[in-house]
C-alpha cells in the first residue's frame, strides 16, 4: 500500500492536463522544466516513504484497513500522528527545499473525514460512507492528493453572489449521475502533478448553497485548465539549458497555479458535500486545525537549509568565528525553532473533532501561532543569511561562465574565498542561498496558508479573555 | 508529606534572619511589609498543593519514598514531570502575579541529584547518599527551598582569583565537622522566606577548587546577612498604610536580595560537593536545562494577568471592539503563547541526564528559546497593554484619595469610564496594570535567569551546524 | 524679559493651589517632595535661559515686542525657531532627566496665535487682539505656561453629549464679565508649578459649542483642584528622607495630575475662543504640528542619559569592550538619533499656518513619525541598557544602608565592580539607571503625546497615496 | 554643459566592452536585454536633467567653471547641495524603480576632490590640479561616472598580502607614462553603461602601498572584462520576448557586475593617488560621508512605488478601506520617511572636509543611520505590501497568456478584482509589485552600501560616550 516513486511516475505519464506556463502549452508534465520540479518533489515523498529509516515519519497504519500507508494520506488518529505529520513536513522541506505538494491533500482528506462524519451524525448519511470508500481507493493506490480550496474571490468587499458568481467555485448543475462545477481555485501548489484534487468549501452562508461543494477531481479532468504562476524563478528555469546552474536544481521553487473549472462533471461517488452550507464552517475550522501548524515546520526546514548554506559561506568568507556572524546564526536558529515549537505544541494540544469521529486535529491557536511566527521569523532568517553571505548572494555571475576555460580561470581566481574551499562550491552555494533570500520564498511564506490578519483574529477569538480577566481581578482585588 | 500553609508559616515564625531593607533592620519576616508578600507567595504554593483540583500540577510521587510530595521538591523522572513543572510555574504566576520563590530551589535539587549521581558513578561516592538523605528530609517536612547560585562577580573581565576572591562564594576552611563559607550570592529571589537555601556552583576551572561547593544552608544561619533590593515598588509598599491601594496587594513584585556569607559553617552532612571542579560544568548545564524553560511560562502567567486587565480596561474605556485594540490583544496572546510553546517543547524534548540517573531535564535549546522569546515577548505585552489602557495607567491619583468623601466624589465623577463599570474597580485595575507595565517587571523579565547573550550562544552551540550544512549541500549540488 | 529662577520661585511661593497627592493635601508646592521636583525642573528652564551659553537655544526675540524672551513663550516665526525648539527640548531632558513642564504651554501659545489669527481673518475679530495682549503680559513677566488640553473622555465609544457632559471641559455659563468652566483636564504634566494653564479645545463638532473654549487660567484659580498621579516612584519619594538615594534626586520622574474645574470663573480678557467649534479642528492640527515633533528629542535626551549611565556601568562591570555590549550601545544610539532625525526633519519641513499669520509649525507627518519612532525606540533603549547593566539594575539594595558603617563595609565589598571605580558611584549609577529602565518612564513615553493609533492614522492621512499610485503606474506600464 | 540623452546614447554606441552575462558575450550594450535597462536608466538621468522642472534637483553650478552642470558630477559645496543630492536620489528611484548608476560616481568625484586637496595641503601637489583638470573634462562632456571601490577581498580573515594579492585591485607596474592595474572590483552597479569608472581605495595600511590607487578608467578600456550578475530576474529578462510582461519593463532591477582588470594601463593624467596609503583612510571616510546617506532616499523611492502599487491593488481587491490594510499603508509610509528623515538630517548636519577644501560631506552618523533604517525598513515595506496584495503577488500566471484570445478570456474572468478596474491593469500591477517584494530587491537593499555591522560600529565610534556619561553623572549625583 506504500506506492513507489516509479508507480507514481508511471501514473503521471498518463495524465494529459491542459496547462499553460509563460504563455506556452505544457506538452509533458514529466519533462516540462516548470513541472518536472514538481514531479521530482512529489516523487521524493514516495522515495522517502519507502525508506525504512523514515518509516515512522513517512508512513502510518490506516485505521480503515489496517494497512501501512503513506502518512500523507493518513487520517490522524492520535497526538503522535499530529506530531509525526509535522516531522514529515520539516523532513520534506529539508530534503527538497520546496513544497512537497501533498500537504494540502492530506489536510483535505482529514477535513472531509471529520465533516462527512459530522453530517452522518446529524443524519445526512450518504457522504461518510462514500468518503471512506474513496479514501480506501486512495490508500490502495497510494495516490497523491492536492487540496483545492481557495477561490479567486474577486472583489473582497463583495460576497460571492454580489459579483460574477463564478469567482467562487460552484455547482452549476446537479444531474442524476453527478454534478457540474464551474469556477476556479487559485494559488494551487503542485496541483498539476498529483493524482487527485480534493475540493472542499469554507465558511459559506445560507443562500450560498451552490458553493458548499466537496468532491474529488482526477488530474486533468475534462474541462480543467491550469495556468501556472510565472515568477522570475520560473522564467529562469524555463529558459535554462543547465539546471545545475539554478538555485535548487532538482526541486525548484514552490510552483502554484490557477485551476479553472469550465463545467467539469463529477460523478456522485466522488461528491462529499453538495449544498450543506451549515457544515462549511466545520470545513473551515478543520482545515485550519489540520493545516496551519505545518506551515511553521515547513519554513523551519527551509531555514535549516539557509542556516547550512550560511555556515558554508561564512567559512568560505573566513568569517565563521566572528561575533556578529555567530549572532546571525543564533537569530536563524531562534526563528526556525520558535516556529517549530509552536507547531509541536499545536500537535501536543491536539484533540478529536467531532467527538467520536476518531479524527485528530492540532490545536488551532498554537497552529496559527506557528504560522505567525514563521511569517516574521522567515524574514529574520533571510536578513541574517544575507548578512552572513554578503554581496555575492545577489551579484554573482552565472555559473554557465565556467564552461568557457578562460572565463572559468578569471572567475575562479576572483571569486575565491578561503583557500581550502573550492571556488566552484562557493559559487554553487551562493546561487543556492540566492534562491532562498533574494526570491519569492519569503513572500510566499508570508502570504501562503492564510492572511496574517485572519490568523491574528483566530488567536484572539480562540482565547478566553473572560478567564484572563477573572485571574486579573482576583489578584488586583487581593482575594486570597 | 504535602505541607500546609500553616506549617510553613509556623516554621517561618521561628527564623530570625539578619536582614535589611531600605536602610532598616527587618524585625519580623512574617509581618514586615517587604517580606510579608514573599511569605504570602510561598504560602500560596502550599495552599495550592493542598487543593485537590491542582494535585496533578502541584504534587508528584517521589521515587525515593513513594510518597506524594510537592512538585517543587520533586526530582523530575519523566517527560510528564517536566511538563507539569511548567504548568505549575504558569499557575503560580497567574495566581500571584509574582515569583513563587521556590522555583530555583526545585532546580537546585534536580541539579544536585544529577551531579552527585555523576560523581558516584565516577567513584566519588560520599555525596550521592548524603544528598538523597537530605532530599528525604526535605520531602518529609515539605521544606521550601531556594537556589543560591549567582555570585556577585565584581569585574567580569577578571576571573575569581584575579580580584577579591570573596566576590565568588567559596570555602575558606575545611574542618573535621564541616566547611566554612565566605562570599555572597546576588539577586536571590525570596531567599529570606524559604526554609533552605541550596548552594551550587557553575563552570569553575582547575585551580578554582574553593569555589566548587554545593551545600544546603538553613534560613538565617549564623553569619548570613540579607540585603533586600529597594526598588520604588518596594519603597511604596514599605511606606504604605493600606496595601489595597498597591498594584498587587497581597503578593507584590519580585523581591530579590543580596545574601552575604561571613564565614558560615556548614556541617558535612549538608555538603554535596567540595572541590570537585570537574563537575561544576555539569551543574551549569543541569541548572540551565532544569531552570530556563520555566522562565517562559512564568512570564506567560504575568502576561495572562496583563491580558485580563487590558480586557477589563478596554471595556471600561468603551474600546474593546475597536480593531486596533483587538490587534493589541492578539499581540499579547501571541507573545504569551509563543514563549509557552517553546517551554512546552523543551519539556517534551527533555531527557535523562546523566544516563541511568533517572533525573530528567528539559531540552536546553528550546528552554533557552523560551526565555529569549519571553524577553522580547514581555516587552511586546507591556507595550500593547499600555496602548490598550491609555494614559491613566501612569497618571492615576492614589486610591487613598477615595477615603475622603469630597475627593471621592470628584474622582469617581472624573475617572469614570463605561457607565456600568464601577469607577473604583476601574481605578483598581489601572493601578494593577500599572504595577506590570510601568515597573521593574519587564526589566526583571529581561535580565533574570541568565544574560540574553549567553542564551543566544547556548542556542548556537547547541545546534549541529554541520548537519544543516550537509542538508544544504545535498540540495544545492542536486544530489538525488 | 528673561525671568530668573529666583523670580519664578518667588511667584510660586505665592500660589496656594488646592492639591492632593497620595491621599494628602499638599501644603507648600515649593517644599512638598512630590512638587519640589517639578519646581526644580521649571526653575531649570529659567536658569538655562539666563546662561549665555544657551542663549540661541533657550531664548528668542519676540516679533511682538522686539524683546528677547524665553523660547518657551515664543511664537515660532521661522524654520530656525522650529529647530531651536527641539534643541531646547533635548537640552532640557539631558539636563533634568524629566519633563520640563513648559513644553505644552509653548505649544498652546502657538496654537492660539494661529487660531485666533484665523478667526480674525474670517471676521471674528475680538480674540486675536486679546490673545496678543495676553501674550505680551506673559512675555513681560516671563511666566511659565502649561497646556490644558486632554479631557478625561470617559467612555470613548460615546461623544461628550452622550455621557456626563462634564467629562469634557466646557463652558457652563457665559456672564457679562466672563465665562464659567466645569470639567477636568487629565494627564496634566507639571501644571501645579507653572504660572498659567492655557486651555484649548480639539476637534469638536457642531452642537458641541460649549466645549469649544480656549482661555488662560492662573495657577490655583478658585474652584480648581489638582490630584497628582501616584506611581511607585512618587510614593518612594514621598516616603524618603534622603532624596540622594532616589533615582533622579533633584528632578524626579514626570509628574502628571488630574485638574478638576468646579465652576471656575474666567474673565473675558483671558478668553480666546468661546463656541467657535469650526476652529477646533485647526486647534487640533496646530497642536499636533507644534507639539508632537518635540516628543522625539525629549526621549532622545532621556536616551542620552541612559546611554551615559550604561557606558559607566559597562566599564564598572569590566564589559565595555565586549562585542555584544558595544552592539547594545549602537542600538541605543540608533534609537535616540532616529527619533531626533525625524523631529529635525519635521522642523526643516515646517511652514506657516495659516498663511499670513507668521506662525510657523513643524511638518505633521515627520512630527508624528518622530513620536512613533520614539515609542518603539525608547523600549529598545531600555532593553539594551538593562542588558548592559545586568541584574543590579533591579536588585540593588537601598543606598541608605551605607549610612551604617558595618553594612556599608559589607555592601562596598560585595557590590564592587572594576577596582578603580568607587562602589558608591556604581551604586548611585545603578539606582539612576533603574529610574529609567524599571519605572514608568517607558510607558509614559509610549502613551504620552497622543495614542499611537491616531499617530499612525495621521501618517496615512497626510500622505498623498494617489501620487504614489501614479508613480507606480508610470513605471509598471513602461511609460517613458 | 548639461548633456542630453542622445549624446549619452551616442557615446555608449562607441564603447565595445568585453562583457558576459548568463554565459554569453554581450554584443551590443545598447540592445542587449540585460544592459539596455541600465542604458535606459542612465539615459533617464540626462533626460530629467534637461527638464526645467527638475533643474534645482538635477543640476548645479560648478564652482570650478561657473557653468551649470549635472548634479551627478557636482562637487558639493553647501548644505543645500547635500540636500538636493538626496532629493535627486529619491526622484531617480521614483522615476525608474532601480539604481540610477551614477550615484557612486558622484561620490567618487567628491571623495577625490577632498583627498587630492588634502594631499596638496600636505605638499603632495601633483594630484589636485590633475584631478581638477579631469573634473572639468567630465563636466564639459557631462560624462556619466561610476565608482570602482569594492575589491572582492577573498578570505576576509586575511589581509591583501596574506592571500592572492590580486584579490584587491593594485598597481603592478609604474611606468613613465602611467600605471598598470591588476585585480577586480565587485558588485559594480551599472559600470558597463557609464563613460568613466572612478577607482579609489579605502583604508589601507602601511606596506599596502600598491593598493593605494585612485584613477579614472574609460569604459571598455583594454584589459577589462565585465561579468554581469545573473539573478533570476536577469535570466527572465534575457529569455523574454516581450519586456512589457516583466516587472519593471524599461529599467529592470539593479544590475551589478564583477569588473576584472588584467593589467590595465592608465596614463598619469588620469591617476589621482598612487601609493599614498596615509590618505586612504580619508578616502574611506569621505566615501561613507558622501555616499551612505543616499541609500535611505534610494530605498524610500522604491518604497514610494511599492506604496503606490499596494494602494492600487488594495482598491482592486476591494480592501483599501479595511483597518488592517490601512495600518499596512501606515507602516510603509513610516519606513520610507524614517529613512528619508535620517538622510535629510545627515545633509543638514553636513560640513566641509577637509577644512578649506570647499567640499561638503553629509554627517556620517546620520548617514549611517539612514542606511540602517533603510535596511530594516525596506523589509517592513516588503512585508506590508505582500500583506496588502495577497497571493497573486507571487502566484500570477504570465501576462503572455493574454495574447491568446481563449486564455485571455479565462484569465480576465478569473483574475478580476473590483469591477471598474481593468483586469489587465491589475495583472500588470501584480507583476510590478512582484518585482519589488519577491525578488532580490530587499536583499540588495540590505547588503548594498556597506555591511550593517560596520555601519553599527560607525554609529558607535561616531558618538561621544564620555559626554553622555557626564550628563548622566550630573543628574545621578544631583549636581545643580
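All chains are identified by letter, namely A, B, C and D, in their written order; residue positions are counted from 1 within each chain.
The criterion applied here is as follows: contacts are C-beta pairs under 8 Å (C-beta built on N, C-alpha and C of every residue); 3 or more make two chains touch, one makes a residue touch a chain.
Not measured: the values here are computed from a predicted model.
*Asks:* Half is the threshold here, strictly exceeded: which of A-B, A-C or A-D has more than half of its contact pairs identical to C-D by residue number?
*Replies:* Overlap exceeds half of the contact pairs only for A-B.
*Asks:* Rotation angle, chain A onto chain D: superpose the C-alpha atoms of these two copies and give the value as a multiple of 5 degrees.
*Replies:* 180
*Asks:* With centres defined as the mean C-alpha position, give me the chain B-chain C separation in Å.
*Replies:* Roughly 38 Å, centre to centre.
*Asks:* How many angstrom lie between the CA centroids of chain A and chain B, rounded to a whole number?
*Replies:* So the centroids are 41 Å from each other.
*Asks:* Approximately how many whole Å separate the CA-defined centres of chain B and chain D?
*Replies:* Here the centre of chain D sits 52 Å away from the centre of chain B.
*Asks:* Multi-chain contacts in chain A: which residues touch at least two other chains?
*Replies:* Those would be 324, 327.
*Asks:* Mapping chain-to-chain touches, which pattern fits: line, ring, star, complete or other?
*Replies:* Topology of the interface graph: complete, with all chain pairs in contact.
*Asks:* Per the contact definition, I'd like the list of chain A residues that touch chain C in the complex.
*Replies:* Residues 323-324, 327.
*Asks:* Hey, which residues of chain B end up touching chain C in the complex?
*Replies:* Listed in rising order, the residues are 20-23, 150, 152, 154-158, 163-164, 166-167, 184, 186-187, 225, 227-233, 235-236, 238-240, 247, 256-258, 260, 262, 317-319, 324, 375, 379, 382-383, 386-387, 389-398, 400-401, 403-404, 407, 410-411, 413-419, 434-435, 437-440, 442-444, 446-448, 451-453.
*Asks:* For the complex, give me every residue of chain C touching chain D.
*Replies:* 94-97, 243-244, 248-251, 304-309, 311-312, 326-327, 329-330, 333-334, 337-338, 340-342, 344-346, 348, 365-366, 369, 372-373, 428-429, 431-432, 456-457, 459-460, 463, 465-478, 480
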